[in-house]
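In structure tokens below, several structures.
Two complexes follow with chain A in common, the first pairing it with chain B and the second with chain C.
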Partner chain A sequence: MGAGHGHRLHFHAHSPVHRAPAHLKVLALLGFMLVVVATPREAYAVFVVEALVLLGVIGVSRVPLGYLLPRMVVEVPFAVFAVLMPFISHGPRTEVLGVSVSEPGLVAGIALLVKGSIGVLASLTLAATTEPQDLLRGLQRLRMPELVVQIMGFMIRYLDVVTAELGRMMTALRSRGCDPRSPRHWPVLARSLGALFIRSYERGERVHLAMLSRGYDGKLPQLEKTP
Partner chain B sequence: MHVPDGFLDAPTSVATGAVAAAAVAVSLRGARRELDDRTAPMAGLVATFVFAAQMINFPVGAGTSGHLMGGALAAVLVGPWTAVLCLSVVLLVQALLMADGGITALGTNITLIGIVTVAVGWAVFVVLRRVLPKRLDLVAPAAAVGALASVPVAALVFTGLFAIGGNAPVDLGAVVTAMLGWHTVIGMGEAVITGLVVASVVAARPDLVHGARPLVAERELVTRKVVPQ
Partner chain C sequence: MSAPVLDVRDLAFAYPDGHQALFGVDLHVHRGERVALLGPNGAGKTTLVLHLNGILTAGKGSVTVSGLPVAKENLREVRRRVGVVFQDPDDQLFLGTVRQDVAFGPANLGLKGSALDRRVMDALDRVGMADFADRPPHHLSYGQRRRVAVATVLAMEPEVLVLDEPSSNLDPASRRELAEILRSLDVTVLMVTHDLPYALELCSRSVVLSEGVVVADRSTFDVLTDEALMAAHRLELPWGFDPRRIDSLPG
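Now for the complex of A and B:
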């Protein structure tokens, strides 16, 4: 069930990066990415240094690059936009491999691609080295409102339960000749989603009652660090 | 699909982060009114539902697909404050645990997907609910129109942010046209699915639909005698 260890991106290993407190990792990621985002777009030497720092952290974390790189497909839509940039931008033209492209567009496209890639790789590193419970504890230490941390905790806990429920519904639809992607079958798909909402909502009510019967008073005990 | 790191410059990202933090703080108070002490588990499960619903892709044309944003849907189903919280938490989990959407762009993503779609969807829905006849079967069409409006407006706000802090020398008129055209198509998909989902929940459990509560409350419980044969 959803309360197990790790999550889909978590890579089990023992390294200083895995052991580092989650709140420091989140702060480090945020600070690092703000520096990357604020780097001038033509400071290529700085980009190289930033990429090397990130690769160094990944090296220490012992998460193989072969594990992280395929998971970078998340950024594909924006990579496409970055690649299109030299062609759709205005400004002085320049020749690259015999194709006329916009020079400022080329610079912006490369910067976008580099910053986006560093961002995705850095976020993946955090996700791969941090257990959800540690992340919640870290956010708590960063003074994130208690209620937001609790909502996030419930979401993480029931993520696999609810998505698996949706998956079973989709399997049932497909086995009856439905294609959930096709607009022709949207009414059926929507009824399934409606049912999923009712089930999720009622599960929430049951969880709340179960918590009350165990003495819930607005605080979650298991988030406090167990010795 | 979320805004990644580096798409908008640092000052814009920090500013939208501040907007997002303020909106979440206000929503925390509002959600307590909507859900009282059930807030944490209920909002958590609804956030999970929104996440699951966002996994459904639909074809938009030209080989690409869009997915449900769910802002208007969540607003009508659980109320606007809880909806802002749910979508913000979904985006937070996606940024921190799934590398979907950059951490510096989290404020931008929460502002666009969490706040603008919910606010626009809910506002349009409430206006329509007031104007239209007070009938339960009109809740779903009103929700659909709210969803239809919410997506292009979010795209427009994104274009505004892009004009302020965009990192690309692209002609702004072209961006507006492309974003609006594209997102109107996505908005239609969003509208149809939102309307159908709301209709199905209204049919089965009208008491759960936050946007239908005033209408459900007006319905009287009628007890009739069985006429003896």
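Now for the complex of A and C:
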């Protein structure tokens, strides 16, 4: 299947950040995010320091910003909400570029946008510098419940398989004159997503059978990296 | 003669929804044999395979593996003895690297450290995939994934290898390579297939399952040349293929 090499969020390089143990990176990210979230809304100087720390880490990791920034589109729904806040909030009004907006809304919107962006960029940096398998091992070392780690592992493994399957279904639909972008064809699209769900569910059952056949008893053997 | 590796007696099974798939199947496979299990779609072949390692439990009759009955208390040992390679390698390979996937079975059997390592590399060697140990399975070609799937089961050192449609979706070169690998293995094989030339090439004996019963158990050559039997059970040779015109078969 036409899966690219490496995971799509991972940026291959050799840097101290890449080499750092995954569980330390997860803890560092968690700590950093708690600090960012706890920063008071109007302490803009602190936000600048936090952003500089993050940019410093990215600099050391040698992951180009041009790689990380386009991947920040996941933040768009948040950004839309943050931009709306000054318009829908109550409280004293203030003028920005000749438009009357709510002052508390403006402050909250900016804070949400800044905190969100720092968080997304920090998470992307972790993803870019850590192989998914190492991340799983790191979580295992942090005593994340076994079942959760297993589920995450399966998600990583089958993401490409399910995406490729969806791609083939879309190609088959297009070949028969369906345009998935046109709302007229959305019912068909919904049905094929349903079919994809059923197929994935059945694949899950087949994977489980194959695991049982090799003596699975509810616990994955330790995923230690062998030299 | 020693106990057969696989001994299925009068096996009947109905799914919970009432659909009966097997009506009294008798099948025995002896050590060192390679046997093909043939039959049209819906004949019950997969249902039979799932009984061999205790995924499904017999409604009536019995399944014995080298003298050990397939029953709840023996499941672990039964699943070590019977290695099932499923049709879609993506169902079988679910971990991050080839090495981890091949290690999954033997690790479940309690192997650790260097013994586990040796077992894994040995199994990969036997299917010619040792150089790919640290690659993620989804980066391999389909044929390579099928070979790794065989290795995941070989690593458990089974007494019998059960292959579900081993040649499906393979290009002719991968199909031939897999045949060479299967022939080189010193292991008992039960191969479920629609690929009749493949059965003739690899298995001297064939068992035909149709509508939940065994309707023939003879040499593969005899089965493939019995036109009445073939027609009655929706078995067809590829166009232009005539077993009588093949003068020698590979070992």
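Just so we're on the same page, the second predicted complex is superposed on the first by the 179 of 227 C-alpha atoms of A that agree within 3 Å, B and C clash if a C-alpha of one lies under 4 Å from a C-alpha of the other, contacts with A are read in each partner's own complex, and residues count from 1 in each chain.
Just so it is clear, a residue touches a chain if its C-beta (ideal position, glycine included) is under 8 Å from a C-beta of that chain, and two chains touch if they have at least 3 such contacts.
Predicted, not measured: the structure shown is a model, and the values here were computed from it.
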Partner chain in contact with A:Q133 - chain B first, chain C second, else both or neither: second
First (chain B), second (chain C), both or neither touched by A:R203: both
Touching partner for A:F154 - first (chain B), second (chain C), both, neither: both
More chain A residues in contact - chain B or chain C: B
Chain B versus chain C as contact partner of A:S213, first or second or both or neither: second
Partner chain(s) touched by A:T163 [first = chain B, second = chain C, both, neither]: first
Doubly contacted residues of chain A, that is, touched by chain B and again by chain C: 132, 153-154, 156-158, 161, 203, 207, 211, 220
Complex interface listing, chain B residues touching chain A: 1, 4-7, 9-10, 13-14, 24-25, 28, 31, 37-49, 51-53, 55-59, 65, 77-78, 85-86, 88-90, 92-93, 95-100, 102-105, 167-171, 174, 189, 192-193, 195-201, 204-205, 208
Sites on chain A touched by chain C in the complex: 1, 3, 5, 132-133, 136, 153-154, 156-158, 160-161, 203, 206-207, 209-217, 220-223, 226
Chain B contact footprint on chain A (complex, rising order): 7-9, 26, 29-30, 33-34, 36-38, 41, 71-72, 74-75, 77-78, 85, 88-91, 102, 104-105, 108-109, 111-112, 114-116, 118-120, 122-124, 126-127, 130, 132, 135, 145, 147-148, 150-159, 161-163, 165-166, 180-181, 183, 186-187, 189-191, 193-198, 200-201, 203-205, 207-208, 211, 218, 220
Chain A contact footprint on chain C (complex, rising order): 50, 53, 55, 76, 79-80, 83-84, 86, 88, 90-92, 94-97, 99-100, 103-105, 107-109, 117, 137-139, 152-153, 156
